[in-house]
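Could you have a look at this structure, given as structure tokens, before my questions?
In order of appearance the chains are A, B, C and D, and numbering begins at 1 in each one.
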Amino acid sequence: MFPLSSTTDTPTEAPRDTVREAELARILEALGAGVVDSLLKPNDDMWIRVTAETWRVTAEKLKALGYTYFGYVSAIDWLPSPFGKSEDDASGPSGERDSTIKQGYAGGDTRFQVIARLVQPFTTIGINIKVDVADEVMAVDSWSSVFAGANWHEREAHEMFGIGFNGHPDLRNMYLPTDFEGHPMRKDFPLLARIVKPWPGIVDVEPLPGDDEEEGEAS
Amino acid sequence: MAKPKVPGMFKGLGVTFATLLATAKNGADTVQYPHEKETPPIRARGVIALHEDNCTSCMLCARSCPDWCIYIEGHKELAPPRRAGGAPRKVNKLDRFDIDYALCMYCGICVEVCPFDALFWSPEYEYSEPRIADLLHDKAKLGEWMQTVPEAPELEAGAEKKGKK
Amino acid sequence: MTMLGDRQQLAYIASQAADARVNVELETEGMTLNIGPQHPATHGTLRIIARLDGEQVVWAEPSAGYMHRGYEKLTEVRTFPQVTALVNRIDWLGSFANEVPFILAAEKLMGVEAPSRAQHIRTILFELSRIANVSLFLGDLGVQLGAITPVFFAFRDREYVLNLIEGATGGRFHPNFDRIGGLKDDLPAGFIDETRVVMKKLRTFCDQIEDLLFGNEIFQSRTRGIGVIPKDVALSYGLSGANLRASGVDWDLRRDQDIPMAWNKTDFKVITHPDGDSFARCWVRLQEVRESTKIVDQLLDTIPAGPVMAKVPKIIKVPEGEAWVSTENPLGEMGYYVVSQGDQGPFRVKIRSASFNNISIVPWLLKGVYVPDIITILASLYFILGDIDR
Amino acid sequence: MNAVLLASDLPYWLQSIFRVVGGLVAVLLPAGTVVYLFLFKMLSFMQSRLGPMEAGPYGSFQLFAEVGKWLQKEDIVPANAQPEARIFKMAPLIVLASTFLLVVVVPFGPDALFTDFETGIFYALAVSSISVLGILIAGWASANKYSLLGGLRAAGQLVAYELPMVLAVVGVVIQAGTMNLQQIVVAQNTGSMFGWDGIGNPYVLTQFVAFIIFMISVQAELSQTPFDMPIAESELVSGYMTEYSGFRFLIFFIGEFATAGVFAMIASILFLGGWGVPFAWFGWTTIDSVDNWMNFAGPLILFAKMMALVFFIMWIRFSSPRLREDQLQRFAWKVLIPISLVNIMLTAVLKVAF
């Protein structure tokens, strides 16, 4: 009756999503060689990854294609956190932690990616656009001349990830003090609240007195 | 538009005057707090009460707390056996179970994850303190609140099974 | 209506241009007025730096961040169930509505769908939190414009709604009731009857506010033609919710989006207004409260029987993937872009909150208005500080 | 005309004490009653709550508690206002002084009055403008941008509304033929309408337009909503009062409500017949034939009429939003003043015609 939890990865026959397929084809045609990779999940969403050079042109072309509603611009740091994940003991040894970077949908080559979303008004067809940010450059073009709303989002991404946006009118900090050092949303920026406090999961149960003595004798 | 249009200002005056009369007649919608109190709903998340005997200091609540505001310490102890003649059991005895209500955000995750039904919500709300450090309550205080824990409410028609708490 | 709005706006611009010419001739020195972070009109800690010429704003820039709590970072060190407790503090007046899109995104990644009873109850609570949120806006609007009485009506009637939410979820402000796969618990007995009574009260409240505030000539002269947002500008700034619909955009994610919620089983009107001015924004919100009460009434009639929780494992691990879900929250479109890498917690959560986009239009909108109009425009845009700063 | 308080044979110093005490009572009693009855209770009931209930029966001593609270508070002078601290501290007193000066000409009974000016109403209107100076000083000396804006708004607004108020009064003066407030009261109560003297001739009937304009101007003079732009707590954070604390704020506060009371008294004298009852009821013909008990009943009658008028002022205050400053100016200059000019012309024509 209800879909079971999908821990099983049996590939069922994916339902066709002709609307989005047509849309994606239209977009791919318009963007041409700018698109590095694309992904479509039927009845869900579309992802494309474009080259850094065509980032601004992508916005203009998509706007011309009818994607006039601005969703957001943000960034993702794909480096696994050196301080462990969610429930882990942050104070534990970090040496054996896996630090390989694996990007999500539509792939990627760099640690940082800028992600944006545009929507066709009056429908729910939207598109997630990703772009690689090369470590040497750490900047992409700004969208603020295409979508006015991108202004604040780029400021936020700039201070949180340290990614520059070429052509942005005013990349001041939004949230942080001007002299703040570091970029808090980067994975290697420690969340102090979780580091100054001992992890609460450490079982703090004293063994029986008898056990204690045995241990004492053994040592 | 059959009836003549009343200027909006006079309509507004009418609304306030009608409320004035209604308040004079039916009484106010407010409650004079220290003298009369509203009873919170049964499910109200007022304060977390601890049933100490059920706790095995398994740390699940402390670990799943988003704020890390639960502090547990315990020691192992020999308890009398369940059945006569059996070997004495080793049980975890609580030494310390503190909840820092200055940090707690009343999300209820600890109550939910507790596998031994040791934590309950009580609708009690009058436990403010003049100093923030005094909001760290120990297991004795948490145990006192156990008396205020109500029975779980009846469920609305169409519900499938009884809720846990 | 549009014509009238245009004409009013043109006259307004012309009069302002005339004033500006006079000021240029006199070469008066400007004054920088710092509104906030502690100011009654910013209900929270928004700061607006306005450069004034007399009482006219030459240039204005909001400065957010006084309440930045870094939720996007905090979500990365928490498990999925813990995140819901966190995100309902984003828009604290309609907090249940904050949980829903996040849970939906997680469910989408897991391939779980909540049972239809859970979807119904979710939608009811969602609309209740919208009513609680927007009815407070209607009262607050009065205070911003100098009328003190509406806010007490708003607090009075919002209290009934909050009592309902508390009775069902246990939390007045932060329900934390939504779970991946359904809801924490079923509704308590008596909820349906009580809700019907409260919905009637809220419709009376809407009538009262309409008579007291919206019909008032002074209110209309303060809001009509002030802060006009054209349609294309609204879209390009990513405005959403009532702010967008007041600019004549007929777009409501409740109706236009196919998500596992119960809105498509109800019949409601999407309210739009062609003017795009402050009055339109406030009026749209008022009508939306009325529509929401109707939605709740319809849903109460059709709650299906059944469980409120789908089968999910006890320890939730969300499979790898990325998902975007947005819903029509009280303040506008709120969306979560959730990236999971197969752990108990999300890898990255981008929170796209409505107020952040809604308020980013303020520098554009405040040019040339008077100081009292700053307050009108801010009030009519309706932001919650937690929703801007996150 | 006996121009003394009660018994004219009291020594001068006793008369002075009487007048000072009488003046204090005449200012503070209405202010206190207005605050309790309207600000605390009526406002609360209109918002479906009870208002203060703890201090005294039904919270009737709340005002004393508030006064006590304010008196305890520190009298802060902002750092930037230090150079002109004396002026800063003076401002609330000027505002309150104008209220006390106003009450001087108010007649409470046939003999119960402080002074009997031939040009009483002229004096009252002139003196009421002194508060503008206090407000302007307060706004300027606070060294705060919000206060400055508030002060300037207040100045512009009070100047704009002084004019329609004067013009509205001119109609009454023409009809009564005197500027003496006592004479205006007598003229109303001895007057007759079409030969019927059952209720005298309260000018609210013949001068209705002037009455409305006068009340609107009073609303603006008192900076009550919808004309409270100088205070505007949601925009200017209480405008010129922002930086005041302790008893200086208290003085502003008392001044606001005392002035409301005094203006309502003047309005009831000008339009509602003041302390008097229609003289025909008791067969009086002139002021000298009025019985002595009116010296005690008169203040009560005036008080009742004042309360009725303050009720309307407060009712409008609690039910409406606030105008914008430019809209207010436009309303004063483009609507109120032309109407009041027309009213004066009509009154003059009718006065000559009858």
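Things to note:
Following the convention adopted for this analysis, a contact is a pair of C-beta atoms (placed from the backbone, for glycine too) under 8 Å apart; a residue touches a chain by one contact, two chains touch by 3 or more.
The model shown is predicted, which means the values in this text are computed figures rather than measured ones.
Geometrically, the chain at the heart of the complex, using CA-atom means, is C.
The greatest number of inter-chain C-beta pairs in contact is found between A-C. Relative to chain D, the most remote chain by averaged C-alpha coordinates is A. Once the centre of each chain is set as its mean CA position, chain B and chain D turn out to be 54 Å apart. Once the centre of each chain is set as its mean CA position, chain C and chain D turn out to be 44 Å apart.
Once the centre of each chain is set as its mean CA position, chain B and chain C turn out to be 28 Å apart. With centres defined as mean CA coordinates, chain C is found 25 Å away from chain A. The set of chain A residues touching two or more other chains comprises 87, 194. Multi-chain contact residues of chain B, defined as those touching 2 or more other chains: 9, 12, 15-16, 19, 29-30. Listed for chain C are residues 78-79, 82, 149, 153, 156, 212-213, 216, 218-219, each touching two or more other chains.
The full set of touching chain pairs reads A-B, A-C, B-C, B-D, C-D.
On the chain B side of its complex with chain C, the touching residues are 7-9, 11-12, 14-16, 19, 29-30, 40-45, 64, 66, 105-109, 112, 121, 153-161, 163.
Listed in rising order, the residues of chain B touching chain A in the complex are 57-59, 62-63, 65, 68, 70-78, 90, 92, 95. If you check the complex, the residues on chain A that touch chain C are 2-7, 43-45, 47, 68-72, 74, 76-77, 80-81, 83, 85-87, 90, 102, 104-105, 115, 117, 121-124, 126, 128, 147-149, 151-153, 160, 173-176, 184-185, 187, 189, 191, 194. Looking at the complex, you find that chain C touches chain B at residues 78-79, 81-82, 84-86, 89, 117, 149, 153, 156, 159, 163, 166-171, 174, 176, 184-192, 208, 211-220, 303-308. If you check the complex, the residues on chain C that touch chain A are 63-65, 68, 70, 72-74, 76-79, 82, 108, 110-113, 115, 181, 232-233, 235-239, 249-251, 253, 256-258, 310-313, 319-324, 326, 335, 337, 339, 341, 343-345, 348, 350, 352, 356-357, 360-361, 364, 389.
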